[in-house]
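Lettered A, B, C, D, E, F, G and H in written order, each chain numbered from 1.
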Amino acid sequence: MNKDIRAILEAVQAGNLSADEAMHKLKILPFEDIGFAKVDLHRPLRQGIAEVIYGAGKTPEQILDIIEVMQKNGQATVLITKLTQKTADVLQKSFGKKLDYHAEAKIGILGELPRPDGLGKIIVATGGTSDIPVAEEAALTAEVLGNEVTRLYDVGVAGLHRLLAHLDEIMNAAVIIAIAGMEGALASVIGGLVDCPVIAVPTSVGYGASFNGLSALLSMLNSCASGVSVVNIDNGFGAGYLASLINHMEAKSK
Amino acid sequence: MNKDIRAILEAVQAGNLSADEAMHKLKILPFEDIGFAKVDLHRPLRQGIAEVIYGAGKTPEQILDIIEVMQKNGQATVLITKLTQKTADVLQKSFGKKLDYHAEAKIGILGELPRPDGLGKIIVATGGTSDIPVAEEAALTAEVLGNEVTRLYDVGVAGLHRLLAHLDEIMNAAVIIAIAGMEGALASVIGGLVDCPVIAVPTSVGYGASFNGLSALLSMLNSCASGVSVVNIDNGFGAGYLASLINHMEAKSK
Amino acid sequence: MNKDIRAILEAVQAGNLSADEAMHKLKILPFEDIGFAKVDLHRPLRQGIAEVIYGAGKTPEQILDIIEVMQKNGQATVLITKLTQKTADVLQKSFGKKLDYHAEAKIGILGELPRPDGLGKIIVATGGTSDIPVAEEAALTAEVLGNEVTRLYDVGVAGLHRLLAHLDEIMNAAVIIAIAGMEGALASVIGGLVDCPVIAVPTSVGYGASFNGLSALLSMLNSCASGVSVVNIDNGFGAGYLASLINHMEAKSK
Amino acid sequence: MNKDIRAILEAVQAGNLSADEAMHKLKILPFEDIGFAKVDLHRPLRQGIAEVIYGAGKTPEQILDIIEVMQKNGQATVLITKLTQKTADVLQKSFGKKLDYHAEAKIGILGELPRPDGLGKIIVATGGTSDIPVAEEAALTAEVLGNEVTRLYDVGVAGLHRLLAHLDEIMNAAVIIAIAGMEGALASVIGGLVDCPVIAVPTSVGYGASFNGLSALLSMLNSCASGVSVVNIDNGFGAGYLASLINHMEAKSK
Amino acid sequence: MNKDIRAILEAVQAGNLSADEAMHKLKILPFEDIGFAKVDLHRPLRQGIAEVIYGAGKTPEQILDIIEVMQKNGQATVLITKLTQKTADVLQKSFGKKLDYHAEAKIGILGELPRPDGLGKIIVATGGTSDIPVAEEAALTAEVLGNEVTRLYDVGVAGLHRLLAHLDEIMNAAVIIAIAGMEGALASVIGGLVDCPVIAVPTSVGYGASFNGLSALLSMLNSCASGVSVVNIDNGFGAGYLASLINHMEAKSK
Amino acid sequence: MNKDIRAILEAVQAGNLSADEAMHKLKILPFEDIGFAKVDLHRPLRQGIAEVIYGAGKTPEQILDIIEVMQKNGQATVLITKLTQKTADVLQKSFGKKLDYHAEAKIGILGELPRPDGLGKIIVATGGTSDIPVAEEAALTAEVLGNEVTRLYDVGVAGLHRLLAHLDEIMNAAVIIAIAGMEGALASVIGGLVDCPVIAVPTSVGYGASFNGLSALLSMLNSCASGVSVVNIDNGFGAGYLASLINHMEAKSK
Amino acid sequence: MNKDIRAILEAVQAGNLSADEAMHKLKILPFEDIGFAKVDLHRPLRQGIAEVIYGAGKTPEQILDIIEVMQKNGQATVLITKLTQKTADVLQKSFGKKLDYHAEAKIGILGELPRPDGLGKIIVATGGTSDIPVAEEAALTAEVLGNEVTRLYDVGVAGLHRLLAHLDEIMNAAVIIAIAGMEGALASVIGGLVDCPVIAVPTSVGYGASFNGLSALLSMLNSCASGVSVVNIDNGFGAGYLASLINHMEAKSK
Amino acid sequence: MNKDIRAILEAVQAGNLSADEAMHKLKILPFEDIGFAKVDLHRPLRQGIAEVIYGAGKTPEQILDIIEVMQKNGQATVLITKLTQKTADVLQKSFGKKLDYHAEAKIGILGELPRPDGLGKIIVATGGTSDIPVAEEAALTAEVLGNEVTRLYDVGVAGLHRLLAHLDEIMNAAVIIAIAGMEGALASVIGGLVDCPVIAVPTSVGYGASFNGLSALLSMLNSCASGVSVVNIDNGFGAGYLASLINHMEAKSK
């Protein structure tokens, strides 16, 4: 709400702008100039890194249009989430090998992955192999946003040794994303082992009384380990995004 | 349905009993003689061990009456569950120190504990200290039914080392009762460590999204560890009873 | 955590091992040496009996690979759960008649069934005919793990005589698996008739207010019969596995 | 909509009533004359039998007023449901021994019980002793409405012999009210034994996963026995009323 | 448990039967002879009327077998519920026009409908047109069981006049089946208008917060009208069966 | 209940009608004459505007029949909701371009849209683009009923500037329909900005813990902004109808 | 966002204000000047009518302070909701008879009720007498906001004649607030009778399967009558406020 | 698992320690030395800052004992959560003014608050005033752990200007804790405005369909704003702890 408005006011003061013109200008530079920083759910996250497109419900043409605008604006890397194989096939006609499509995670990446530059590594851990699609969505999101990611898949608590075999890596992580369906105990056990933030992602993996992820969700919300917070069921993107935010924390000028 | 009926039939055949009398006899020896072995929810469990009274909603007088009958029948030890302090106080006027009252578990024990004689030890483990009342109900029940019990309290998964410190005991148990509220992950972690049957007891301990034990219940039902089964929320007695059944398994004649 | 560590320490004390080497050794004998016995959810259960593969989400190739490893290790019998007809067809190209596929239970058995050797018989009872797929998963699992199994199907409580006609068998069982959808009352009625452990399996059979097994699940958890515990909705494998564990109980050295 | 309206019309036709007066008359004899037979939830049920007052939330004075009106109208017997001890005490100052108060069922009965005159007996059965307050509400309601009632309390399915000991009575009943909390299996088992209508009443008795009667409610709704229907949790009055309706069925002129 | 047992006893007494033979005889005349009247959920309901087959999950061959047995036993009319079009087509190859298939209700009727003989008419009322499949299942069931049925479809409470236009019929019914999805208010309104038993059937018709019939189910259970009871969501057969039971009530010898 | 009854009474008084005939007449002019104004859920809303047909579950033929009747009665415009593409295709064979089909909203409009005449504009706002089908159902319904509608789509609260950019329009609306899935916060935020009635429509858009619209529904019901009320999940028609009612409020004669 | 900003800009243009001063001025006239009209949940509703204080959780002193400010600003009438008897007693020490306290509705009114001036009457209808506290909160709120209110209490659908007796009033209302617990059918029935907006308020009145208002809530959301919308359980204030908004609708300048 | 073990090994190697002694030493320095860093849920968080005691269910004596141990170990500041007034009174007899008790948050602080040293400020924002107890628990926790906290209370989305008035502070925060009951929209709106991590805390504030925080919980889990994660209902401590973790992120050596 500062620089641009002041510029307009000074132009008025200098007689270079009428009140009417100023009024108009104030209206068309809508909100990003008035202090609302966030243009879009998937807006450029940190300058020079990557842009994100939410692919669900968008036609290939719509996605192509958005990419074109992004590229005009000099955007090097684009992450497309919830991208179906079918839409990916159409996009690949335009971009060929430049578009890297990850079918399991339903993620497309256009352009180079940025060089990781966060505070440390992000670990993406899953309870079972069926949780991997959600995990890959989280891991690829974090990578596109400039993070080094370690994948620890199928380390569920029913075979504790599999998790403990990676104790060193776990205890040295900057952020951990713990992904599990069924009883979702992974988040609690990891949360009890480490001091870093743990982002728990319940998955809809399971049957019967898992009630499509409800069991894991409740379990994770009730974790008695400190430092654990939870995102929506199957929300790999949200976890990867938040993990990247935390992994890029830096001192704020006060 | 065998011995008694045959006896009656043979008496008829021998002319010692008329058809009418036989008919009447068949009617009054109702079902325990016809094969329905189980007289009562809390009936003498194994001969010579203990009898159980469900104390909830019973007046001290009712309990006294039942005990009197039991003692006439030569019953040495009586377990009274869900016994309030108030009712216990009344009972103690009659029995004095012979009645051992455990306020936390709301359990009264009259007479000597039997010498433990099962296949091995029963471990009663809890996630936190708030789960102890349920745990004591389970442990005392198992002890009254002739089992050696090891208590491992406050070994929740958010501090995994507390559980692992008892690994030897855990892995050598005959049966384990895993009791936890909140996220209920204890059952899964223990179930993944051992080969013996694990009886999971969700507790209503917790707040918010624990929904009075629902979170722990669902978590335990979804355990991906094999060998785990679940009883009702806060059902310490049921877990102790079942653990004793399993700990006293013996070969059936086929 | 004992023998091996002591051996290492003694080697250090004897000067046969440097501190560095000892440090390294402690790290590489990770956890199976420290007491974590359980290598896998479906690991060899009792020596010489059978190995289990969880078939869901595995390609035929993956299953073939696992079987190859198992057979190299001398494993005679392999149980594959959640095996689709399609995958079974592929497997049968390799194994022919050696692979016994049970379509209803989605179970494949490779090799000979072991000779049953438990304490007694396991009864698998269902409320209706629609519960049979879950029941067969339980029954075949128990048989592969070396148990004699009696099937009592369609003995639901709405026709009590059908259940009572098998009273002798029921009362002589070592363990009973009670499987029912709808109102799930079978577990309570059986639990009230017998003294052996009863494993209740709610099924998703039903419609309307059965809410995909929730009604049966709650019903079974609330059973007022002692000795009853519950596994997840439709979890036939879990029930068969646990029943086998209980049916093979033996005295633990203390 | 018949007799009274016709009378008015005939009076108009006869010139004894103007159209205006008729219009007015039609308005003031509101609906009971136009065909809406039911004046009140607790209106005189069958002529000469009993009247019912819903006592909840009514002051003693309000109840006294209603009774006074009823008695002026020649009503012999009055049933007051949900009557607290405190309000009953006040009422008894007016009526003395004429008011028969049943504390457990929270029911007051003023005047003589009618002589039972239905098609047969109504059986009120409960799973446990804790269900008795609801059962007494049902039984007393049925008695006040002119039915012979047999009480079978504490015949829950976990001790099947207790129920089967009364097989003759059960199979000869006109209507059965099956009342149970916990797993609510009683309704299914009884429904499977008899051919008469079974009214199932879930109760809020239980703990943990009984969720205040939800478990019994779902169980009863899913009963696979035909002839079973369900009323609200703890709704003893509703069950007694409906049972009486059914027990007094008679041929309708067509 | 009477006549047959007495006969056996008398034969023993007369020396015509040894104790052993009697023992054997008692065992093989299992339960239908001992007082368990109900052979099957869908057993001959009242002599000479109709037999019911639950068609769900049965192959055409299985159904044909059952029908053959029934016809051998002289059964004139057979009701098959949950009969798919596909299975009906197969059956019609055997029975031709003798099989009357009602696609909407998924009901097949073989043989003549019995002449109605109950106490009065059964009204089957629905809130909307989408409830008709459930209603037809109820109505046809009642008709096959010997009842005269009046259908009042699409008389939901949002257009009260449509219901009130049938006030005379409603108030003269012996039993009313009130079928509705959405908010399920129909049962309460009808229950408030009449004195006869009302069987409420919630349907899964609706969307959003109807939660597949849960809304209507809860609504009906909470009806403040007396005389209303509820069966499972979409359970038209159960309602028709129960309505017929009530409509054929007759005096029981006491 | 007035004019017609009085006419009948006066005819009786004048001797032009016998009591019997009057009785009959009162019966056949059933309820629309006695004051029940509402003939049908989708009846002519305000004279001369439009008629609505609920298309779900109706065959093209049924719809054609209804339209024919409407047109005979001089109805100019007809709104058909829940109209599938397939049925629309059939209808368009009859009506050609006169039928305007909106595939996304599943709405067909036959005839001219009426000229808007309400108190002000109705704003239809959505949180995201996936909510648009529900929004279009609401918007088109309102337009057909004679309202000027402003669409503000994709103005969800996660990008507040998008909503605030339309602050002037929002604050000048007569009625606002706020449509959102996921967390449903749009209704609260709008409700806090304006003084006009806000109709909140939760949608089933979302995944995981949105539980098919439950999350948005609860959120909207708990709005702490005054002036907000809620309709069923995805009920665009209901919201458009109610908004039109409110936008056409006028003084009632008292 | 218009007048004031333009004034500032013109002052800058005229040289009467520096850019810096303008910047500051833009900051301190925060949001009420920029178009955010709503200062508080309970802010002056329509000029000169009444002010509302949400009393829950406020001390008498806090309430007194707020009233003092209001009165300084010339506010004549103040509505205090959720006012406990205890707090009311303290307030009455200050205001005496000027404070009109309605214990049932927990509402206090200070000052004169405004003269009603809306488009018509608001009807507040309840299903039973237990719903009256919520109804009085709604009715008094509407009265304080300048509406004429007609109370129709205890007109639930189980006694339809009670509702229909008031048909004339109902059909002439401007807005109807339908309040009911239990099955909540009142809203649907009223919604089917009238053409005006109906605001449904579920109440927590009931027991068993009413689940504290959930049953009524779902029922009302699923109403098949058009023109019905729903507010939170027991939210009498919200219904009264919204009804007043609608009853004071007037043409918006476009 | 490193330094201490190496030291022991080296001591053995040097002959200063026997294998037996080493074995013993390895056992008594149990797990914090073997790599399990986390001794307790409330263990010293960052060296020299503060220690936390979970006060719920602990007697004053138990808390005193723990504090004594902590102080012996040189702990300067102690945070006691869930501390009742009653227990606080007892503690204050020992510590006097050194114990700062915050009744609303049920938090006691013993000793000096550390000087804040995180990356930036933590904002604790609430939707209403009733959320303040949870907010204070979060804020005090963060302060005790060395963070500068800004409190923005009562900035709920129903009065958006109250939130936007603090836009500068919000957009400059390092971490934001968004606390709200009712519809819980605050987290989404804040999440849409900022780029820093947002920790959402649903509270049990509300009534009716808020279902004790369930509505806010679901709402927050479904937030369409990125960077938002959720902790358990009313879990102020967990949010404050996690916010502090994030606010103290620093580069990990890799």
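The working rule: contacts are C-beta pairs under 8 Å (C-beta built on N, C-alpha and C of every residue); 3 or more make two chains touch, one makes a residue touch a chain.
This one's a predicted model, so the numbers in the text were calculated from it and none came from an experiment.
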Checklist outcome for this item: Top of the farthest list for subunit B, CA-centroid basis, is F
Checklist entry - Taking each chain's centre as the mean position of its Cα atoms, how many Å separate subunit E from subunit H? => result 61
Checklist entry - What is the distance, in whole Å, between the centres of subunit E and subunit G, each centre taken as the mean of its C-alpha atoms? => result 50
Next on the checklist: I'd like the Å distance between the centres of subunit A and subunit G, where a centre is the mean of that chain's Cα atoms.
Outcome noted: 42
Next on the checklist: Show the residues in subunit C shared as contacts by 2 or more other chains, in ascending order.
Outcome noted: 36, 38, 41, 158-160, 192-193, 208-210, 214, 217, 221-222, 224-226, 232-233
Checklist entry - Every pair of chains that touch: which are they? => result A-B, A-C, A-F, A-G, A-H, B-C, B-D, B-E, B-H, C-D, C-E, C-H, D-E, D-F, D-G, E-F, E-G, F-G, F-H, G-H
Checklist outcome for this item: Within the complex, subunit G is touched by subunit H residues 129-130, 158-161, 164-165, 207-210
Item to check | Interface residues, subunit H side, partner subunit F - complex | outcome: 127-128, 156-160, 181-185, 188-189, 191-193, 206, 208-211, 214-216, 218-226
Next on the checklist: Under the definition above, what is the set of subunit E residues touching subunit C in their complex?
Outcome noted: 30-32, 34, 36, 38-41, 56-57, 202, 204, 213-214, 217, 232-235
Next on the checklist: Please output the residues of subunit A touching subunit G within their complex, sorted ascending.
Outcome noted: 1, 5-6, 9-10, 12-13, 15, 18-19, 22-23, 26
Checklist entry - In their complex, what parts of subunit D are in touch with subunit E? => result 1, 35-38, 41-42, 119-121, 148, 167-168, 171-174, 192-197, 199, 217, 221-222, 224-233, 237-238, 241-242, 245-247, 249-254
